[in-house]
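To keep things simple, chains are lettered A, B, C and D as they appear, and every chain counts its residues starting from 1.
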């Protein structure tokens, strides 16, 4: 067992609901094992600038239900340079931080991997991103909350769609991944989804609209932000309107509301479990690994592997969207 | 007391949460007084096409909590022509409808006024629009729900704004009116609001950002859809970014989610009260009037008056936004 | 204009959503006018014990959306004694607090009235209670949020009632007042309401159930906590079950969830307006008054009057419950 | 492949959010494969009474977001007798139903098993219960929504607990299982949970309260309905108050709100997946099996096995409650 005395914890990249629950779990578990915790504000950027704050049990009171991250987050170009990382390491030394828990996504772990290779400091990561696009965990922290927010928003839009017999093109987050679009497409009874991973694209959509049930009084199409079929929801909307002038077509970009809000129960439980496991992993000598949850069990995945692969799309679920909205 | 035997009820214009509660109140109150009710689908358009359905107590069961309108709504160019109105009147005669309750906004009442003048049929209106831009009622049906939806969305956006130290420009509905922006601006602690009714505009906003408190970690600016200071939220965002390059500025257009969702308690109560009062007003011989609620009492406003005036903005409340966000 | 230099603000009695928005408004408005603010924790109890904290603009950042009260609240027997009040006054002198804003209900203002008469310190009050049972304001801070919480809960219960053809007796808060029961009864389409102010009581309820529509698939009865028709929801349920053994009758006590949660838009706006007005009232020499909002305008009511009278029940609204649920 | 022509679908036992999504998936998938669907109202009871309704694609429009079950549900003693089942079978024959999908929990599958053994009709089941107490699926339909409802309610209660420095005993559903209590206990940061499966009981709770952190300003204890440590939340509350008279202890029974509401995204996806899989399973010759989802894959579990075993409690998660609330 490694003798770790002071764990630094930080959030990096886009914020996600449940990050606070994860911070709380790291802090409280460390305290439980007699380890000190240093909060690092604004991710790698704050690490380089020495934005360090001593955490105790009370610093994480009453935050489990809060969206965002109390440690704040930032993107950091500086950390991409060897000087930036050297600087960050010196700050850690100065504050006697001898291990790190990095909460974030792909970019966060890329930084962590390089840093963990260059300097002798154990780093583990927690999957905190609404996109769910990491391997090594069934779900990422924030994904469940985000899809509930989308579903709630589309339920509202459906009211208007029904009342006006309209077709709505709804754009959801997911720059490289259609996972938000996929589950919310099923859950909102969407006519079709457009996602980066599928290539049926516009043709498929047009077919659905042309040969689908005619007595429908509203139609929803979910488009992932990163879908490049034709270049975004507005362009999809334009083409649908052109091809189906009799449909009253509208576009809605859900945008940033998808990142915020009180985390769902599952996101809090996930964050709590992997947060506690991260501290235990560091004590057990793990390093350069992401701590996730697979089939209900804690799973350890080398950063190397987590950032090179992405969670794929189950083709049966794509088919399900279509079959059930008929 | 006029002997009314069959009331036609319809919704027209943009849908608003609480319209179903209003329909329910009209139907059940009419039944209570032994009057029959005919539901007219798709507003004036359906009236001309004879989309009539007989309503009973059960047809409005379990709808008080539903957004949208079970009678559907539509905009109708045809009704603007004398032939269109003649056609509609003939349909009403054919179905023995001898009075009308029109639920909608400005455009709905303009049609109702012309129609009520041309043909001998009593028409009363209920204020159903999320914009709250009618005189003759303190609040319109749907406004309270819409502002709660906005506040809930901005609370979520605030999580991200706080976590990333960002400034968010949030566009809310209100093509001709800043009333949604005004109350949600106060309720979300916005830095500033841009609304059609105020002329402090961009200058005022820039001043706030320049001379405001520097230790703020997030900033929200609410822009009404109809604000023409510089032409929309995107343009406001561009100019802010240009002038304050050190701010991390983002834009969010809330869009159609503002129209849907289960109505708030107040919207259901308002809709129930004015819905019941509309039937009683018709029995008492009222016509060509909108039925609203002012200071907790039922109020009757001639269509003429309701459509020519708009609810103004209390300058003290504009000042409040600024004073409290300092 | 009185020269006030340091306003003490506190919350007392049961907590209510929007109290934080009121605290924020008091603090920020005072700062705006160059007045210092002292936060007094735990109401009159903390006042006597000297639990004082200096407030600034930042102390009330990011609290407008939070339920509860950051200043905490408590009931205090000590303040009912002359010694208790003397002690409190000495603490105020010691901390140079020369005016008070008391946020709470009946009990809070009773204390404030006595204190304001005994000692030469201006006190104004803000109506903060979910019960809405004060005169001098159309609505109290917290009422709108509470009725939305009730409506949301009963909507959920209705799902089960519908699925199982059940009758639900739902108890809502309101120890001396049926105002929560009244509006939520209308908004949830309840069969009947039992409230302290009405005397139709059990007989009326039995009549509704006996002679009401037979094809109903679910029934909701709302009982105010303080209704003494037969002594509480459980007893009502027992008697209904006895008289109508063929109904599948269930009871649900909503309880404390009604006090919490993020305040609604209207509660935040109300709290912000009266909070700002309280500071301005003190500057203008007001004292021993509650600051409320009547017909959209700030209203000043002597404590004496506010605590001796209660908002009554509009009989038309009671009739509405019955008429619309038929 | 069995030639199935007409699938009967019904819901039985307590209702759960997502049952409608499951019905929709069964109906639409059957239609997709050219199979007719008969909706059976009120479970086994309606089956015996011949409450059959022909379903088509449109009968399940716009229900995916609704709580409860459009087919209604009931408990049925009659079906426990051979005559009751004979009667039901004759009704199925009469309506040409040649396969069944039963949506419910333990009791539902017990009935299905006996029936499937006695009569030559293939029956498969879908796990629909908020309790999550079945083996053969990671989660049951309704569980995710229920735990989110609990967490949302406890977040509200926490506001009051914090404001008044109180300890709240909150009772959640789960007659035989602590699974709702377990996850919501973690997610709400509860001090302790009392569940049927754990035997640390009152002693453990008292220890937590005695030796726990003293600077806490609120405490939540979650008690599962079926916990028999001392006989219910009220009794727990009484004993805590007796032992810790300085705590301001309150009790809240969440009750029936836990069963209703719009299903969460995950519940809708789960219901959609297993609903579609149920039809495909019948086509493939499956019978007397429950269709669940394990590790993201469709899983088939004999009724026999599903009803004799219950999902256990992970002791690490019990420890987590304690560790993280310190």
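Definition applied: contacts are C-beta pairs under 8 Å (C-beta built on N, C-alpha and C of every residue); 3 or more make two chains touch, one makes a residue touch a chain.
None of the values given here were measured: they were computed from a predicted structure.
> Shared touching chains for chain A and chain B?
Touching chain A and chain B alike: no chains returned.
> When the centre of a chain is set as the mean of its C-alpha atoms, what distance in Å lies between chain A and chain D?
28
> Quick one: chain A and chain C, Cα centre-to-centre, how many Å?
Roughly 39 Å, centre to centre.
> Of all the residues in chain D, which ones touch at least 2 other chains?
If we look for residues of chain D contacting two or more partner chains, we find 155, 158, 162, 217.
> Using the contact definition from the top, classify how the chains connect: line, ring, star, complete or other.
Contact pattern: a closed ring, each chain touching exactly two others.
> Hey, which chains are touching each other here?
Every touching chain pair, ordered by label, is A-B, A-D, B-C, C-D.
> Give the list of chain D residues in touch with chain A in this complex.
Within the complex, chain D contacts chain A at residues 21, 24-25, 28-29, 31-32, 57-58, 61-62, 64-65, 138, 144, 147-148, 150-152, 155, 158, 162, 183-184, 186-189, 213, 215-217, 262, 264-266, 268-269, 272-273, 276, 295-296, 314, 317, 320, 323-326.
> Of all residues in chain C, which touch chain D in the complex?
For this pair, the touching residues of chain C are 11, 15, 17, 19, 66-69, 72-74, 149, 153, 155-160, 162-165, 168, 217, 250, 252-257, 259-261.
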